[in-house]
Amino acid sequence: MSDQDLRVGLIGAGMMGSDHARRIHERVSGARLVAVGDPDADRARAAVEGIPGARAETDPIGVIGASDVDAVVIASPGPVHEPLLLAAVERGIPVLCEKPLTPDSKSSLRVVQAEADRGRKLVQVGFMRRFDPEFLDLKALLDDSELGEPLLLHCAHRNAAHPPGFTTNMLINDSVVHEFDTTRWLLGDELTAVSVRQQGLVRSDDAGIPQIVTIETARGVLVDVEIFVHCRFGYQVRCEAVCEHGTATVGGDTGMRTHTAGRWGGQVTADFRPRFRAAFDAEFQRWAHAAREGGIDGASAWDGYAAAAACEAGVQAQETGQRAEISLAARPGIYD
Amino acid sequence: MSDQDLRVGLIGAGMMGSDHARRIHERVSGARLVAVGDPDADRARAAVEGIPGARAETDPIGVIGASDVDAVVIASPGPVHEPLLLAAVERGIPVLCEKPLTPDSKSSLRVVQAEADRGRKLVQVGFMRRFDPEFLDLKALLDDSELGEPLLLHCAHRNAAHPPGFTTNMLINDSVVHEFDTTRWLLGDELTAVSVRQQGLVRSDDAGIPQIVTIETARGVLVDVEIFVHCRFGYQVRCEAVCEHGTATVGGDTGMRTHTAGRWGGQVTADFRPRFRAAFDAEFQRWAHAAREGGIDGASAWDGYAAAAACEAGVQAQETGQRAEISLAARPGIYD
Amino acid sequence: MSDQDLRVGLIGAGMMGSDHARRIHERVSGARLVAVGDPDADRARAAVEGIPGARAETDPIGVIGASDVDAVVIASPGPVHEPLLLAAVERGIPVLCEKPLTPDSKSSLRVVQAEADRGRKLVQVGFMRRFDPEFLDLKALLDDSELGEPLLLHCAHRNAAHPPGFTTNMLINDSVVHEFDTTRWLLGDELTAVSVRQQGLVRSDDAGIPQIVTIETARGVLVDVEIFVHCRFGYQVRCEAVCEHGTATVGGDTGMRTHTAGRWGGQVTADFRPRFRAAFDAEFQRWAHAAREGGIDGASAWDGYAAAAACEAGVQAQETGQRAEISLAARPGIYD
Amino acid sequence: MSDQDLRVGLIGAGMMGSDHARRIHERVSGARLVAVGDPDADRARAAVEGIPGARAETDPIGVIGASDVDAVVIASPGPVHEPLLLAAVERGIPVLCEKPLTPDSKSSLRVVQAEADRGRKLVQVGFMRRFDPEFLDLKALLDDSELGEPLLLHCAHRNAAHPPGFTTNMLINDSVVHEFDTTRWLLGDELTAVSVRQQGLVRSDDAGIPQIVTIETARGVLVDVEIFVHCRFGYQVRCEAVCEHGTATVGGDTGMRTHTAGRWGGQVTADFRPRFRAAFDAEFQRWAHAAREGGIDGASAWDGYAAAAACEAGVQAQETGQRAEISLAARPGIYD
């Protein structure tokens, strides 16, 4: 890996774009936000606020072409993606583009063609479920063939409520699009046909009514997706793979669960590193932020001292079989 | 936050130290590893391999004093911590020190005193459970007082197997030390006494026999800890808080679960951002690493195109009520 | 209720019939098996073995007409049900008939008509899920309207393996027939249409391939049923009701679970009676069987004594704050 | 087993006694309640109301001596048990006695001695957990030694609220007495010592404060019991067995769960009979009660007809690949 930080330009300073700006600045190692481009100058400025070295621009294409931009994140609305993607491909810099790639398959194919002409993959689409720990567990299980061939997927995709203006078509384009990708990725298979069935209790608010989308794949797997964007109770993305020798479910609130040969359940972590890896990462990240300000953000030396005193009492209790009392010195004021 | 990356010196290139070197290099934003100090030159060299700009040294104290070191991570054995900590405090730079702070309370108190004399907190102890998502959920619940006063904690701390040479005292000093800190942190309370009871089936391997450690706190909470470093089935850290109006358990393999007013269960995520925050972070981190090499690491433009084609068929199926077939263009070779 | 036991005649001494014979004899209060009728005399004799007062017959119709038979259980194959049912209805005695009522709707309608002509309900069909604790919980929840209108049901019906000779049509007639009844009963709604979709990986063994059956109801609820009679891992019957304000699932190995307003989970039992009702029932049933033989079948007087001794020590420990030892008298030989 | 019903006399018509009277009458096969004895004539009368053939008496000893009483259930308060038990033992008839056997170990030992003198076990103590499906699963697992030797038990025994007048000693005598028996039964081991530790937040209501009771067994197993009779959220009885090769927990709301070799989880039922055994039993019991009144209590012939019509449509859908409509004949009025 190069010694230098990746200098990232971000296009689109809406909700997703602003989130991504903070993410790049605060939680991504080896990357640095240098520019945010959004036609709305106020939004662009808000997105770079508090991020040293990042500038706001109103011309997205200018960001893509800037000499200090090594790579681009596109978080603007889908209809404007195509020219941005083509510009990045032409310049030969990597792109991370929020879904959809573009709003229709013809324009998507033009992007594919431009990239293929250039001869290397530069465009990544933001199907983030491929990075979700539970979906990764499911993918690994299916790839290992431990459960045999997958036969069916049962999916549910539920939002507490949908935003105003959400239409029935958006159920497919904005929501089920994730299951389209998840299916292709999990199964390593192509989709061949889709059917949609609407729940029958039609109300005035069509988009809020659950629909069942059935997907067929080239190898013959059947996938059903419940899409319900007004389920009220919360957000839930669930996928159950039914295979020849058992089933596996993710998104059911309890980690991946399998049903195999007489048993249901999940895996126990082997040792402390996988169990607490996220904790270690967060600890170091927060400490690094605090240390840049000259301080700490976690258990203090006083906490270390108190633990040492308790350990001494613990060992004494262990050795004597008696209750051992713990007493601490007076606590210096800096620990209040 | 400063514009510059935090330049980190790492002391100790054993298993933990090496892990932390990769962590700082690959997953911590705003920090950069500049030196690893370990008396064993080979280990130090191995730890910096593949990390541009990081040098190996054999004098830990030299690392702490180096002009290009802004902060220090200490991952060397506990008995050598004290002089390292005192050197860092004297230089006034932040430290993240793996537990224990030092092996006994007297030496710990000297570190506390040195820091207090200096007037600001510089030393953080690596009690990483304070950063674990489940423990943070439990802490938030207790702080909110939703369940009333905590009355009891039931803890279990289990390892599949213990390393050779593990002694009974290490059950306390290396293992239960985490519960000592967890208890203080979760309850915001000090420990006042400890008792230890050994399971009675004594075998030759004493350290492998479970013990029950009972901790008392200043406010009267009773804490029992099962410490069992040879449970064989895997690694498990569990904590159940019994409060006036209900209980909450973490580490039981299914996220935090509560028992309150007639119901047991957990929380449903409100929207996609908390649900997929870790996925977004991982996606961006892996993309940034790949982009520094000029490529991508995730769903490709072809995946975006295939999803767009499926969406078109989906909308058609929705509007016609008929099954709609999906057909894709020929796939360019770069996507194979 | 009458003072006298119900004298039951059982038709059909196959696997189900024999099970039911033991059930009536051993676990049903207020009923007594008096006759088993099966054309296969050996099977009939085997079914009444060890059941005092029960005789074996080879003429099923004769059992229905016997003067000492107050009610009939029909557990013979579906194709012979109709004349048996009509005979019982004509005699005016209650029937519990294993499903199917009859193998086709025309003959079923003739039974319905005969019963209606007689003016009272005498025939019960053995849809036993209506008596399953979890399904009863789900039914109660839906009836309470706590979750609003039901919109969808997702069902899975899985067998480890199917018997030889099982055909694709039997997937519907023998298996999904339960979901047809469950849907009608849970929703209080009539079925209006059915569709079936076969998983595409066709193998030589058609019946072993999962199919998706979609059911529509008069009020517009969509029901999908995965029927998979060769899932290998075990037996599973699951039903998730998706309602306007939340979901509820039964058959998922953990009791009924709901997702409502930010929370998933289940109910906590209010007191010991519902929690241990099944235990009390089993205790009394087994004690009654043992007592008829002049003995007991459970904790003995010695167990009662040992518990009393432990309680005394417990109270002493409580009052003194000290460990109290328990010592027992010599145990008489009858307790060995 | 004898051909005749067991004729049961019940002593004590309080809450438990009345429950048991209904139980014997409605849900126990082969037993018949003939008399209820309670010094309070009104209570005795209330307990036999609606139970044909059962009389109320005010002299408990008279019930035990009655010539039509084959066996006795004792549900009166503990202090009066001894003479009742001795009378039954003297008459040589089986007894099912609610716990405690007697209130102290000396009197318990007299009962044991009387029974031993008579030479056969006649007295059963109502430790009903021994009949609870989950505890039976745990017992079977421990007996199979699948998890190796048990080392520890962690128990929790929680009531939503305690009755007025509940004292600290009753925590032991009325509540933990169950854990004393459960421990002896699960482990097949004797108890040797008890210690009690009180949670420190002392309030005016002592009995409502949780206590930790530690039990030692002859083989060296340590058992800790949280007894908390005012936990507010509901009733919970939990037991986790920590063994050499894994753990198993019951009472955690989700059936027995184990942690073994890298996996946590539970068992999947092998086929429909164990899964629906309780449903079949309930179905037959309720049908028998209804049939004694000449009717049914479950799915009707109309339900059987509707299922047959749905099956016909299902098979048609399966064979044609098309949606098939279901239409029913007019429903006769008796099914409304």
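Each chain gets a letter, A, B, C and D, in the order it is written, and its residues are counted from 1.
Definition applied: a residue touches a chain if its C-beta (ideal position, glycine included) is under 8 Å from a C-beta of that chain, and two chains touch if they have at least 3 such contacts.
Worth saying up front: this structure is predicted, and the values here are computed from it rather than measured.
Put simply, the chain farthest from subunit C by mean CA position is B. Looking at A-B and A-C, the interface holding more C-beta pairs in contact is that of A-B.
Centre-to-centre separation of subunit A and subunit D, using mean CA positions: 48 Å. Subunit B has its Cα centroid 20 Å from the Cα centroid of subunit A. As a whole-number value, the distance joining the C-alpha centres of subunit A and subunit C reads 45 Å. Chain contacts: subunit C has residues 233-234, 236, 253, 259, 262-264, 266, 268, 270 touching two or more partner chains. By the touch rule above, subunit D contacts subunit B in their complex via residues 149, 151-152, 154, 156, 197, 199-202, 209-210, 212, 214, 216-217, 219-222, 224, 226, 228, 231-234, 236, 242, 244-247, 253, 259-264.
Only residues 257, 259, 262-268, 270 of subunit A touch subunit D when the two sit together in their complex.
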